[in-house]
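Quick heads-up: structures coming right below.
Here chain A shows up in two complexes: once beside chain B, once beside chain C.
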Partner chain A sequence: MPIALLSPALLMVGLLFVYPLLFSLAYAFRNEATGAWGLVNFEKAFELYSNDILYTVFILVLATVLTGLFAVAIGGYLTLGENRRTVAILRWLYRWPLFIPMVVAGQLMRTFLAKNGMLNNGLMSLGLIEPINAVSMLDWRGVVITFVWKQLPFAALLISGAMASMDRSMIESARNLGASRFHALVEIVIPQVKASIAVSLILSFVTMLSALSVPMMVIAGSPTMITVDMAWRVNSYSDYGVANALGFISCAMSGVVAWFYLRQSVREQSRIVAK
Partner chain B sequence: MKKTYRMLTLSLGVLLSVASTGARSQVTLNVISGGSQNMVDYVTDYLGPLFEKQNPGVKVAVVGVGPDDAGSQKILEKLQAQKAQPQWDVDVIVPNQQKTGEMAQAGLLMKYRDSIATGKYAVSQSSKLALGVNVDGYVMPMFESQTAMAYNPDLVKSPPSSYDELRVWTAKNPKQFGYNGLKNGMSGVAFVVGWMYAYSGNAAALQQGPYDAATKAGWSKAYADLKAFNQGVTFTPGNAGTLDMLNRGEIAMGPVWVDMFYTWKADGRLSPNLKLKLLSPGMPGQPYYYAIPAKAKNAELAKKFIALATSPQVQADGIVKRFNWYPGIDPNAVKSSLDPKAWANLFTDISPADLAKNAKPFPIAPFFTELREGYEKQVGN
Partner chain C sequence: MTEPVISIRNLRVAYGDNEVLKGIDLAIAPGSFIALLGASGCGKTTLLRTLAGFNEAAGGSILVDGKDILALAPERRGMAMVFQSYALWSHMNVAQNIGYGLKLRGISKPEIAERVTKLLAMLGLQGYEQRPVAELSGGQRQRVALGRALAVEPKILLLDEPLSNLDARIRLQMRHEIRSIQKKLGLTAILVTHDREEAMVMADQVVILDQGRIAQIGTPEEVFQRPSSPFVASFMGAENIVDCVAKRSEKGIAISVPKSQASTLECSTDAAADGACVAEDAMGEAPRPVQVHFRSESAFLSLTETAVSNALQLPGRVAQVSYLGSGYRCEIDTDCGSFFVDHPTRVSPDDVVTICIPAGALHVFRMDPARTVAARH
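Right after this comes the complex of A and B.
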């Protein structure tokens, strides 16, 4: 009976998600021209896009690390902050980018970060930079800024939630014994919410990995991220093979991250059991 | 509860009958446009209403799927998906050259040109060959578009007139020339193609064929030079991005689509003093086509629609005057339907003689693919 109740959901997931996923993973190994199976698509993917693959990894790692740092800082301040008003303002403010779609974020940044965009114009009118020194940030920096800006509220929401549900007595005793707020954050709070930090960062990593609109709108020229290359292969050459191979590579990237996460949670599980 | 049910059924019934009577009294002509927003606007604001007025009871529904290969690829996939059906739900398509060739080869298009009155105006080379693929009879060109170098005369007193001069200029003025690379729109692709026409040593073969797989081996010098050239340029985010950066003074020169340039200027979105120049030995341009899917439901109506769209009057008023494209049909037929001033406007910066000499087609399809992949491999990666 439970199976019968589950079957519509299972069928849906199976037909609309698992089947196309396996199909595209498998067809990454197929040579469309000859109909043979092999690594041709991967050879071409590396031959044409090896720089882009490294570039993607670099952007994602940097953006994930920065997201983590800022999210912990926000969560930490919400948990440990002593000025009620600033905590309230921060709590109200930090979630805003959550409601802005990726493509809109990309569009915003495209005009914000341009050479004569709002950021540089602001800095110029404040006298902080000379017009001649203004540089466009429409490259990896722009993408990292957009990703961090977009993913930060999501990560901070999860992390500050976990921090808020912690037992506060330990924080308070540490503070009573003279630990600074920074010490309390690093030594008491973070170790207890490690799992939430990991989950939020893994989900952020995967979201950023799949974003097409942001690199497409923000990065000018090459190298670019592999999602753009996948769209390009399909649109310009009708070449699903290499696009699938690139998709396989991005699945592998998120697979590595997921593996770290699983290993971590298995270890924690066994530690609890051992206790 | 029962009452609510009854009400619901009743209102649903009314709704359905309204919908079906609506459908009976009207025929909908489905148009899919694989162009930029301005090409969709052209049908929504101008051509559609005109056709509806001449044909009472007909409604023109247009969908835009986006420009370049990406948009036209969607049309191709839509037609392919319903290939086995006896009737297809698309009546008129507006695809780009590359994908039109692929559709013609896949047997997805109807041979209709000789059955419409305006067929005789299809005189250009591109109305017979789409990137080397024979499309004679299957298409009517909607318009011809051309890329050219846009520059800011305040910053560039004597603009380069050839690729050679551009290289010298860029070496002296680093980062002042900008283009949108290969993956960010066709004006960047056009610049790269023009570069290869200038330096690959086989421009004529690239444009006319025959295809020879060994040709690409000789391109590495041109690519290496382009890679070195790229060190001194600014990359822009897209066709519109180049115009934006020109307008904000971030670059002084860049390749753009001529029609987009004139339209933006007319809308006040570009500084009025910006100018155009067509580099020698040539930069490519492309037409967009009107075509009818092989099993279109309203094929006769579609023919009528295309006949109107390619009539000299519509080409003059719509294509040239309102949207600043070069006419798709025989220019001599269009010229007589236009006042001399509007005709001259089209050639303000680029003269017909320049066009005749330096306006080129894109390479034939197999070379075009290799040329872009070569760039990705030897310049991009």
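Right after this comes the complex of A and C.
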């Protein structure tokens, strides 16, 4: 009976998600010209886009690390901050980017980070840089800034929630023994919420990995991220084989982080069972 | 007199508009063990947390060795606190938990290990250094929490209901262990508890708090035997209250019960000579309404009509009986209300009995006007 109740949902997931995913993963190994199975799409993908693959990994790792650092800093301040007014302002402010779509964030950063964009104009009007020194950040830096700006509220929301749900006396006992707020954050709070930090960063990594609009709008030219390459192969060449191979590589990247996540979850679960 | 190590002067603490501590004055002698006792919401934990620096004071001062510490951050106050939930860090083992405060003070690893080993030996936890705290029993966790606080050799130890999560048997044992460790190390300790027995067993001085104010300060004997107010008397177990009329007499005080056929009791007011404990304003030349408190275990039941001397007697009928182990607690209906009295042997419901309250068990206070109004309605 429970299976019967679940079957419509399972059918929908199977038809709309699992089948296309498996189909696309399987067809990454199929030579469309000859119909033979092999690694030819991967060979072509690495030959054309190995730089972009490394570039993507670099951007994602950097953006994830920065998101983690800033999110922990925000969560830490919201948990340990003593100035009620500043805490209230930060709590109100940090969530706003959460409500802005990725494509709008890309467009916004394009006007902000361009050579004649708001950032450079602002710095010039403050006399901090000369017009000749103005540089465009519409490259990997722009993508990293956009990703961090967009994903930070999500990660901070999860992390600060986990910090807020900690038994407050854990922090107070550390302070009472002589720990500064920084020590309490690093040595007590972060280890206690590390599972939530890992979850928020893994989900952020996967979200950034799947973003097409941001690299397309922010990076002018090559190298670029593999989502742009995938779109290019499909739209310009109808080359679904290489696009599928690049998709498979994306899945492999998220698979690596998912493996870390699952390993962590299994450890946590076995620790709970052992208790 | 010894200079107090802690002087609290007119301390006020508020949560928004709700004033929780309404002007606390308290001096604590070095090496003493103080218990802050009171019902839930009376402000005892707030007082302890304000001492530790976790609550902001709205006014007043806290002096430690003559220096005001209110502006200092919690980590700079030199006090160590044991929390009700123990607050042990599950990502650290026993040795790391105990040694954390020492690590913050920059003490070398071998010295930390040596001091942790010594502390564990003192707490009866030898060989537990590497054990994850999640694998410890409640009593062991409590010891680790105590060890962690003691490791930094604080001058002042704050204990926030440290025994409330333990089962009854371990709790009794830990009371004595904490007390003996405190004496051995010569610490000044402040305990928050709502358990009056715990406060009396452990403390030199008991501070009873009522709605953000100190209701009485005294030794356990003083607050138990000579409560200064009806609240303290009730809180210390004298919860049976008889509405009486009292006036000064030759022997000391004459107490009569208007609503009952009970005879008037004339007794001394010298508590040392088995007299009643009488508040100063409860007695005058003219008869005045008073409320008389007594404990269930201090009274007894007379099953015969024989008169008992030097005791207030209230005739009544047994309404209910429950077994306590050491005897029976009986609810007795009388003309002036229902009272609980302990009796060594079983009596049956509807038995006619007389409650006998020895003069030395009576705590006499002037009638609270609110009680008179309540009685009228």
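As a working rule, the second predicted complex is superposed on the first by the 274 of 275 C-alpha atoms of A that agree within 3 Å, B and C clash if a C-alpha of one lies under 4 Å from a C-alpha of the other, contacts with A are read in each partner's own complex, and residues count from 1 in each chain.
Keep this in mind: a contact is a pair of C-beta atoms (placed from the backbone, for glycine too) under 8 Å apart; a residue touches a chain by one contact, two chains touch by 3 or more.
Given the structure is predicted, the values throughout are model-derived calculations rather than measurements.
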Superposition on chain A - do chain B and chain C clash or fit: fit
Chain B versus chain C as contact partner of A:Pro191, first or second or both or neither: second
First (chain B), second (chain C), both or neither touched by A:Glu47: first
Which of chain B and chain C A:Leu209 touches, first, second, both or neither: neither
Touching partner for A:Leu152 - first (chain B), second (chain C), both, neither: neither
Partner chain(s) touched by A:Ala114 [first = chain B, second = chain C, both, neither]: first
Vertex chain A; arms to chain B and chain C (CA centroids, nearest 10 degrees): 150
First, second, both or neither for A:Leu177, with chain B first and chain C second: second
Contact breadth on chain A, by residue count: chain C or chain B: B
Touched partner set for A:Ser169, first chain B, second chain C, both or neither: second
Contacts of A:Ala231 with chain B and chain C, given as first, second, both or neither: first
Touched partner set for A:Ala63, first chain B, second chain C, both or neither: neither
Lowest inter-chain C-alpha distance for chain C and chain B in the superposed arrangement, angstrom: 47
Those residues of chain A which chain B touches in one complex and chain C touches in the other: none
Contact set on chain A toward chain C in their complex: 167, 169-170, 172-180, 183, 187-188, 191-192, 271, 275
Sites on chain A touched by chain B in the complex: 47-52, 110, 114-116, 136, 138, 216-224, 228-229, 231-232, 234-238
List of chain B residues in touch with chain A within their complex: 68-70, 73, 76, 102, 180-184, 230, 234-238, 241, 244-245, 248-250, 369, 372-373, 376-377, 380-381
Parts of chain C lying in touch with chain A, wherever the complex brings them together: 52-54, 73-75, 79-81, 83-85, 87, 89-91, 100-101, 104-105, 134-135, 148-149, 152
